[in-house]
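So that you can tell them apart, the chains are marked A, B, C and D in the order they are listed, and the count of residues begins at 1 in each.
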């Protein structure tokens, strides 16, 4: 990662209160995103990836609190006042969502959405310039200018997602966070949207944090990948290396259980993802991990670099110094009855 | 392989558990909705007690104008003998307020029962089966729903009054007739939404007869939100009943005390500055209607998922279960 | 692991049509104006043998879900027949159908919505037994239900009998739904996207369960999905659906090794593969599944098909798409220059006759419009649209365009598969 | 799924809405017709009879009013008359109902118009505030205010106002539409006193008329405001949770714009259709308000005719009320179609 990262997150925690207790959705997470780089954040539902994506922009549900550092342009976004944060959201940091059908105000034309956004952040633009720039950005995501004055309900799901992307890109943000942008779209439209997102680098010079549960999308669209489990990033590194030689057992098992055109036999991970209110002690994955050792069940693993530009949190990779004697022995996993299986 | 069968749960305990699940959200209510529920329930209970214990609590009968041979003073201001003063017919205002509670709650209860027993089943059938029956009913109900319901009630009361008299029954029928369209609409819209749910379609796929599906799958999920509507509706019904009474189409004054009727008598008193004959029945109405509305709003707030606000525990980072770990050696 | 299906078909579907009339406004119905129809299932025929797993694969709007429900009689068919065990399901009354429901069952996509929140798992899974009177007394019921729960892997069954759906996870709910479906030991199980709502680590377990049930109870499956990857693993034969029609049907191996229909090829290329050496495909069909209420002329895939040619059904709407795609590429200045020359474009999307008259705005001539179209043609000469244009001649105030004659594609055999495309017609 | 929604165009939507009014009106008229004639017992003779009117006189009146004809013939005549604008004549004072509507209708119109304004101003303002600052003191205060003013019967507020303003403080007139002098001097062009006085630039009369309007309009308006407060508050809470709100915040739109331009606008659209329905509530309330403040409107007349059991007067007035409500909700639907694009295209 030659030049300075656009965003570097250090020891970020995002917890929110619920009736049953505090959910530790993001639990001491650290990662960087390089300028014009695509970082894929993958994990199963309920692992906290969505909260992380929104937490970076400070868009948290009521009763949520964040702690730690989200460094952008030399400033820590955690703790900024809502006014300062909303000043950054848009021109600096963009966010697009999973469900496009309800993300546009049904009473406003597409033109009004763009006018409102540009007048807010770039008041010096004239009427013509606003129209010019909006149509140009919409054209780049495949929306024809003839439909600029139409209402949201006159567009299909795929078209609305394109409009949402254009709305984020019209302000030329340096970083775009995409939270499962294609999950609710058909596979061909999904590929069309992914092509647009993957080309952000070339067309807009924008870095992308792509959040998804689909390992195929990560492989095809991302430069680097971070694997998240139960609120923690258990492994991250260049996509090619991580897919070729997964360091963390969860990454390996997840890859094996993904059903793709090449799958020859079915594989699944026993047990169920833990609830984030009181996750298992030590390494959160240990109850389901085939390579579990005694130390895993009580001591939290430490970040280790198993190779160049890679990181993993797993005692398999040491450091040996931190593992007390005799603790490296394997732990036979008590039979996990299907009863508490996912 | 013989499967050890647990002792079967007694049907009563199952009902209790089922009910417990429905009441669950109410126990969880917090903050203002809970306050509303408790205050509302308190006020409503007070009036229910007044109604039930009227003969015991009330110092005099509702139409008693003299005791022990001598007549009560006319239009006497509140005094020790008559805490709320007396009316021009020298009846005791407080007794009429207490007995009035009995009349109001009785009529409102009967009218609710009528409206629900007619409106809900019609809504269920029309919503589930659709077709011509549904279209016809919807048109009729919408025409009724758009009609000024006080007017409707007056006309019905007027017509029934000369056949079955101005008794409790007339008032109850008049009121319930105006609320049948409300229950019909609410239940019908709910059933139409439910019919699209997978588990209702699954029931059809299992081969269940339509009536079984309505009974076991649709009814329970619909009936759960009739209570909030019924309580708000009861509050409305009291306003309607007192309005009818005020216009002279409520209960026969000789049959029972009724706050609306008392208020209409108080109009002439007010002109000459006598306030108590108008104030106390009026306050009774406002209190009871507010009480019922508070219960309805409280129920609505706790049971309607959109409005529900669950008590969330505050987040604080300091009491952190795991010890903070030291920053590992950076890979890159 | 496809099994060898035996000869006699369990279900044979012939020319099945399920049309929804769009609830035109009250006025339309009053004046009898036909408010338009959605041809959700449009003349579909196929067989399903005993013990066989047929995959119905299609995107949203392809009619796969409607087809599944029509097969079970949950939705009334408009035309055609569905022979199941000697009876035509589409002709049976609701009452007659109910008796047949024991033999065929359905599993839905969303496990959270498939169980009645107000019933315990024991009651829900046991209800079919009571409906068909197969059990006397609660004791026998509980035992039969416990057995079913054990079979689908919810063991120890006792732990689940008295739980409510809200106490279970997604995977566990789906197992309960499957238990409810198989407790009547049906012959046919329609599975409508049974795993698409589950996490990747759990999907394999449910698919494995369904495969075991197939072997153990000799079940036949109609597996409805949009995901060709799970279908490849699970199905013996695959049918690809587009806008209510089967565009390609055949054994799994043939479909995956040598896909014939351009749409099937596009679907297979579009699936994201967990292999970092591959990048996001760029040469995919453009646009989206069109509105089923107004399907395109001739072959309904022609507007998106990279290999469309003369007879595929070109029409006026395609001209509007062409112009819009052109203006999206060129950006605002060109649009502002060219658009004013054209008259009303909305009328273009309505008419789909044999020829069209493209009006020019006052002050512009047919020639100007022709010049613009020639420029567009020069930009992308191999755009299939131009094969559809028989002739263009510029009038004084409009441009006349004639389309080539469109032909309806028919399902024809081509090697081991049948495909509905003029490339093979 | 549909690339371009095939919404019926505005023209055919409005046509449909117009066509739909016909069955609504028919059902209304039939309902009132049956109500009057089919209710248990023979309401007509009971109404006409009173205590000691000989049967022959009753029969004679019945014959004059055509009640002795077969039911369907009465029905056809009844519809024919209404179609020609003739709502029948009163029995007691031989006054054509259409005349009542013209003279007294204006008073009711003026009252309900100003009451609706009060209801909208108070209801929308408090409703938006309560929804926006949810679960704060503003919300609690707003909701309690909404609940209490709804719980107060019109006649109670009227009586209290009379006591407070009338005899004790004497600021506001508590009965009638205008002081006797104004009533004598004001020429009635439209019978709407406010407009007539403005038209004649007779400011003194205007002040007097407005003063007379305040108590009844505010009383009636507040009751309906209670309905608006509850509805708008729930709408605001629901729209604040909508996805496009979160999307707007993600674009860095100022919270003020997010609330006013996005949330409030979407929260108020469904309220428009409720205005039609709340008119029914208002007209119902008007009957009581007019009796309390003896405001000479149709409601007041209706109560008088009811008292002396004037049969066809009641039927005529009730029909008029129903028609007003149906046509007003039709107009409201037109307005709604213009505002909400999803209906327009």
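Here are a few things to note about the model shown:
Everything that follows uses one rule, which is that contacts are C-beta pairs under 8 Å (C-beta built on N, C-alpha and C of every residue); 3 or more make two chains touch, one makes a residue touch a chain.
Since the structure is predicted, the reported quantities are computational estimates derived from the model, not experimental observations.
Averaging Cα atoms per chain gives one point for each, and the point farthest from that of subunit D is the centre of A.
Looking at B-D and A-D, the interface holding more C-beta pairs in contact is that of B-D.
If you average the Cα atoms of subunit B and of subunit D, the two centres end up 25 Å apart.
Computed from the mean C-alpha positions, the centre of subunit A lies at a distance of 55 Å from the centre of subunit D. Remark: subunit C and subunit D have CA centroids separated by 51 Å (rounded to whole angstrom).
Averaging C-alpha coordinates per chain places the centre of subunit A 49 Å away from that of subunit B. Contact with two or more other chains is made by residues 1-4 of subunit D. Residues of subunit A in contact with two or more other chains: 156, 159.
The set of subunit B residues that touch two or more partner chains is empty.
Chain contact summary for the complex, subunit B toward subunit C: residues 3-6, 8-9, 14, 18, 21, 197-199, 201-209, 212, 216-217, 220-221. The touching residues of subunit A, counted against subunit B in their complex, run 1, 11, 13, 15-19, 21-22, 28, 62-65, 67, 300, 302-305, 307-311.
Residue ranges on subunit A touching subunit D, taken from their complex, read 57, 59, 82, 86-91, 94-95, 97, 99, 102-107, 116-117, 120-121, 151, 153-156, 159, 164, 167-168, 171. Those residues of subunit A that touch subunit C in the complex are listed here as 44-45, 131-132, 135-136, 138-139, 142-147, 156-159, 186-192, 194-195, 198, 213-221, 239-240, 243-244, 253-255, 257-263, 266-269, 272-273, 337-339, 341-342. On the subunit B side of its complex with subunit D, the touching residues are 31-32, 139-140, 142-151, 154-156, 158-160, 162-164, 235, 239, 242-243, 246-249, 260, 263-264, 266-267, 270-273, 275, 278-279, 282, 285-286, 289-290, 293-294, 297, 306-307, 309.
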